[in-house]
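Order of writing sets the chain letters: A, B, C and D. Residues in each chain are counted from 1.
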Amino acid sequence: MKKPAKAAKPATARGKAAPKAARARRNDAAPALTDADRVGLFQTMIAIREFEEQVQLSYLEGLVHGTTHLCNGQEAVAAGVCKALRDDDYVTYTYRGHGHCLARGMDIEAAFAELFGRETGVCGGFGGSMHLTDMERGLIGAFGIVGAGLPVAVGAGLSAQLAAREQVSVCFFGDGATNIGAFHEAMNMAQVWKLPVVFVCENNLYGEFSHISHTTPYEDLVTRAAGYAMENVKVDGNDVEAVYEAAAVAVARARGGGGPTFIECKTYRHRGHSRTDPAKYRHPDELAAWMKRDPIPVYRARLVKRGVITDRKADAIVAKAREASKAAAARAAAAAWPATGRDMAALTFA
Amino acid sequence: MAEREITYREAILTALQEEMRRDPKTLIMGEDIAESGGPFKTTLGLVDEFGPARVRDTPIAETGFVGAALGLALTGWRPIVEIMFADFLGVCFDQIVNGIAKHRLMSGGRVKVPVTIRAIGGAGLRFAAQHSQTAESWMLSVPGLKIVCPSSPAEAYSMLKGAIRDDNPVLVLEHKALLSSKGPVPVGSDDAAMPTGPRILRPGKHVTIVATLAMVGRALEAADLLAADGIEAEVMDLRVLRPFDASAVAESVRKTNRLVLVEEQVAAGGWSASVVADVVTEAFDYLDAPPIRVTLPDYPLPYSPPLEDEAIPSPTRIADAARKLMRDTGRG
Amino acid sequence: MAEREITYREAILTALQEEMRRDPKTLIMGEDIAESGGPFKTTLGLVDEFGPARVRDTPIAETGFVGAALGLALTGWRPIVEIMFADFLGVCFDQIVNGIAKHRLMSGGRVKVPVTIRAIGGAGLRFAAQHSQTAESWMLSVPGLKIVCPSSPAEAYSMLKGAIRDDNPVLVLEHKALLSSKGPVPVGSDDAAMPTGPRILRPGKHVTIVATLAMVGRALEAADLLAADGIEAEVMDLRVLRPFDASAVAESVRKTNRLVLVEEQVAAGGWSASVVADVVTEAFDYLDAPPIRVTLPDYPLPYSPPLEDEAIPSPTRIADAARKLMRDTGRG
Amino acid sequence: MKKPAKAAKPATARGKAAPKAARARRNDAAPALTDADRVGLFQTMIAIREFEEQVQLSYLEGLVHGTTHLCNGQEAVAAGVCKALRDDDYVTYTYRGHGHCLARGMDIEAAFAELFGRETGVCGGFGGSMHLTDMERGLIGAFGIVGAGLPVAVGAGLSAQLAAREQVSVCFFGDGATNIGAFHEAMNMAQVWKLPVVFVCENNLYGEFSHISHTTPYEDLVTRAAGYAMENVKVDGNDVEAVYEAAAVAVARARGGGGPTFIECKTYRHRGHSRTDPAKYRHPDELAAWMKRDPIPVYRARLVKRGVITDRKADAIVAKAREASKAAAARAAAAAWPATGRDMAALTFA
């Protein structure tokens, strides 16, 4: 009897497309951020936060239908990862996807209009909050079924590998999603085929209402990646620059033919799972501790301290974003409903 | 036993509680069902009474825990699983259709598979295409599986109790738009047989309207509209989708000679087609005109309220279908 | 283009080869399909011509590679996936019904999903309950999905070509009992439109018999039996299960006034029920008697040869159904 | 940014049934085998081998229908693991399940009759080769869908944990099965709930016709287990005593409340995947090397060398098993077909 295994080196797979071996930029450091980049990261986080604050207000006005899943508290993940991407990269995400879409530059009026179910919505009102899609920005799909986006991201990664344009495919998903079969199949395929896929797990400690300890044998999800002998890294998901750095390394590895990476971002959602959830299952102390680590004020303080931004400038960014969200929501709310009585055949089939 | 006015949600909870008290070999598994009582609160408080071993939060792993239900059932337990949205039956489909439903026959009838699968489905709440399906059409053809669908608190209560006691796999399809609806329920009842066929909710002689789940209420509303025109509709709740038996519908048609079916699924491959096919066989000479099916249109359900509303059969559309039948048969 | 007498298996292979030559954005994925040519040898040699990047062995991970097909399709590819046995559609059901089929409409019609799913199904080879299903009934109700089912080499060839070129998700259900059947195929044909409806294989005036896949051959055999009795059966191959359109069947019924349906699925929730329902709507006054459905019985398929044979519709059972219809309509 | 993870200690899960902590016989050695046990192991392997050789002969006579998946070469796994079990333990297995059934004592005549589709079959002819079931022997199911048996074994393990009778649930599956979602969900659930489940992976290097390197990022599947922080061990699957020892340790751990174990048995199937497969995808040298390691002659030689058994005795065991298989097959072949024209309702529903 031999010793129990801890992890293993990947075996060389036969019959797969040849990796672009030339530039294996594997352990390179991330390209350094300029101060302008830093302000950009701050702006992105603010844009997401203000968008969702407005969603919440619009919700109370009855403009948002069904349910919504806000990402307050997790903005640093979307902002940091998307900063490391090119325009022609592909992204999949979930019902909790507003942040990812905005970080990729989705037009906020079209986003609001979609949440409001209007004709001018980014999906013409057909998708709603859980299904924002925007192909022009590589936003290839929001998946309402937990885990379902991961195999799709693997397909986009395979597409990128075959096209040899050094694109990268990123998928965002939660801690809970690492328990479902689709996660496993996707991780395995990406690793066997050495695909340029970056798996970004936003570990916010909860599924809907259940703590990770109910559903997963440990709290550090990088352990999952060890099971595929996949490169992996654990990062403070509330530190936007740390997220960016981890993502930049992973993205460079993927572009260089070095295969997939699993990034675990430790983070927390400030609100409940969805609009009807008061999140009583969380201890107030836990919430309070995480609120102190809110990625936005933390980063703002850091930028101010480092002299990258003044308080006045920061306030102006917030005010501008708030105003933009408010104005966009107002325009979206004034937009027409989608026409009824249409023949939907052309929308169903191409 | 006492008749109480409670919600559909409470009816489900009460049935679970009573059956779990009655039989220590019952247990329930699902996502966020223990301390949190489930996203639709149909299991609220059960964990306090029965403990976390019998009221069990699962990982997001429907294949895993539905498959586990088969293992539990084969080894002496009577598991109940909750599928949070019926749409998610897709991720554990294999375990249901190839595993749970077939295990008994493949063993030559030598095993029993007392598994209850509760799935909460249905449209109308602006949950868009992946969270609004009742999804029964996927499984109408699955031999070895029973499917029931409650349209009222009393039905939710008795069907669930019957399903739990049944020694076979039963899928209980609940409807999320009905959860807060109220009605009299004979709580504490020990009589919990599975329904064997449709129930007539409103007798009538001109046209038979068959519906399930949330469409039952709309069919009853349509009957009110029709009554104003002097048309007496007989409204039936189909209740049982598997094993499938349309003979009670045929019987009603022998009286009314007209048939409208209201289905919250698309027309192709749905139960209404099977009802029509069977009624045509059994009561061919009694049909005065072709039955009309009022169903979802043939595209995935859109999110936007006007688009969703347009898609779901309304009382007006149902009544219009009945009126058309009356006209087509020279009684309009 | 040249008409050649080849097998259904070769027809599939030829279609794949021609379309993969034609469009460099096509690729095929599946289990053991590359060097080994697939368990049913429908991809034999493709890897030699197109290489392992475009003819790709996958892990046993249907959810994974069917989901990957969606990702490929959304980013400019035209993927084909092989599901080794149609029964395994159950393990990737979610990706098909909630993902691939809905993605376009959920995007407001802004994306295209040119995915072809080939699944090899069917009974008759003693493969028992988990390896004998054609399984189409699971998906008849799925909006956004197209389903075609070839009954001959020529159909296998042209449907698959049409499916690959189609900009939408198409499930091509092939039948394993037909793989070695031979027929003329217009190989090298550049005309590859998807079929739009049924095809009449044998004209007749007394009774319409509609079938799919392996049941088509049995229906034709039944027609021979009937001919000996002077009954002229019109045999139709339904060909397209989604989008569902029974109007051509109704047209035939307007001529024959009698309808028999032969389905290798159980009756409940199957396509034959949908055909009956639609034909009743469209040709009510032309039906002289209720249509008869000859289907699988309502239990999972047994392994033992006599039990399997008993379950599958036979030419005799089909002919008997037609004769009964003749008698019921006073022409027996 | 923190270091990449390799593996992790399981976190304590909340809200699960309390493990029977009293006897954590975790690292105990396996109970020592007596010589009688050794002869028994040999007999079991022979019984399986001779059964399947007869299946092959019967196949050629047209008695076996459809397809069959033989396990020649892998007998040591079934024999070794089942030796570590109690009569009231539960087992799930696959289409390649003859060995597991026989090692649990399934009546060979009833097994043949099932393969022949006869009334006297263990499933009355309804199941066939891929679906042998025998509840009285804890043989709760053969699964034709790859991976499908694993969640079912987890359910049986949960059943055992709740019943507190210290039963164990074992599932057998192949290397290929570790790529499918059901595997992942089952492994995770068993570990979170600390269930008495033993996962026995028969790594015979191939799925149907594809080598493991096409489908899995490494060849040592114990790495999978590391991804769940699950106890695991790699063992020579052609050494029946090594398999027994590994299984006995895992079974003791499970019975004592110590949770699940993943056992990787390195083995090889001598024949093709199923009856129609000539297995041309394997290099003749590879096959030859493994044939030299055929578990049966290897063990026989060892037993003879150690004086546990004489050559004569060994020959007698083989002859007896061959005779028994032949006779059982003949009786099975003489049995009646199942009656047709029956109402199957009672066989479909209880």
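Points to keep in mind about this one:
In this text, a contact is a pair of C-beta atoms (placed from the backbone, for glycine too) under 8 Å apart; a residue touches a chain by one contact, two chains touch by 3 or more.
This structure is a prediction, so every number in the text was calculated from the model and none was measured.
Compared on C-beta pairs in contact, A-C and A-B come out with A-C as the pair having more. Chain centres here are C-alpha means, and the one lying farthest from chain B is D.
A straight line joining the Cα centres of chain A and chain C is 40 Å long. Chain centres here are Cα averages; for chain C and chain D they lie 37 Å apart.
Centre-to-centre separation between chain B and chain C, using Cα means, comes to 30 Å. Among the residues of chain C, those touching two or more other chains are numbered 34-35, 57-59, 61, 63-64, 87-88, 90-91, 94, 98, 105-106, 128-130, 143-144, 243, 298-300, 302. In chain A, the positions touching at least two other chains are 15, 121, 125-127, 131, 143-145, 179-182, 185, 188, 192, 214-216, 344, 347-348. Every residue of chain C that touches chain A in the complex is listed here, in rising order: 27, 34-35, 52-53, 57-59, 61, 63-77, 79, 94-95, 98-99, 103-114, 143-144, 146, 167-168, 243. Against chain A, in their complex, chain D makes its touches with residues 1-16, 179-185, 188, 191-192, 211, 213-220, 222-235, 242, 245-246. Interface residues of chain C facing chain B in the complex, by the touch rule stated above, are 87-88, 90-91, 93-94, 97-98, 101-102, 105-106, 128-130, 137-144, 242-244, 265-274, 276-278, 280-282, 284, 287, 289-293, 298-300, 302.
Interface residues of chain D facing chain B in the complex, by the touch rule stated above, are 15-17, 90, 92, 121-127, 131, 133, 135, 140-141, 143-145, 148, 150-160, 162-163, 169, 181-182, 185-186, 188-189, 192, 344, 346-350. By the touch criterion stated above, chain A contacts chain B in their complex at residues 65-67, 117-118, 121, 125-131, 143-147, 176-177, 179-182, 207-210, 214-216, 276, 281, 337-338, 340-341, 344-345, 347-348.
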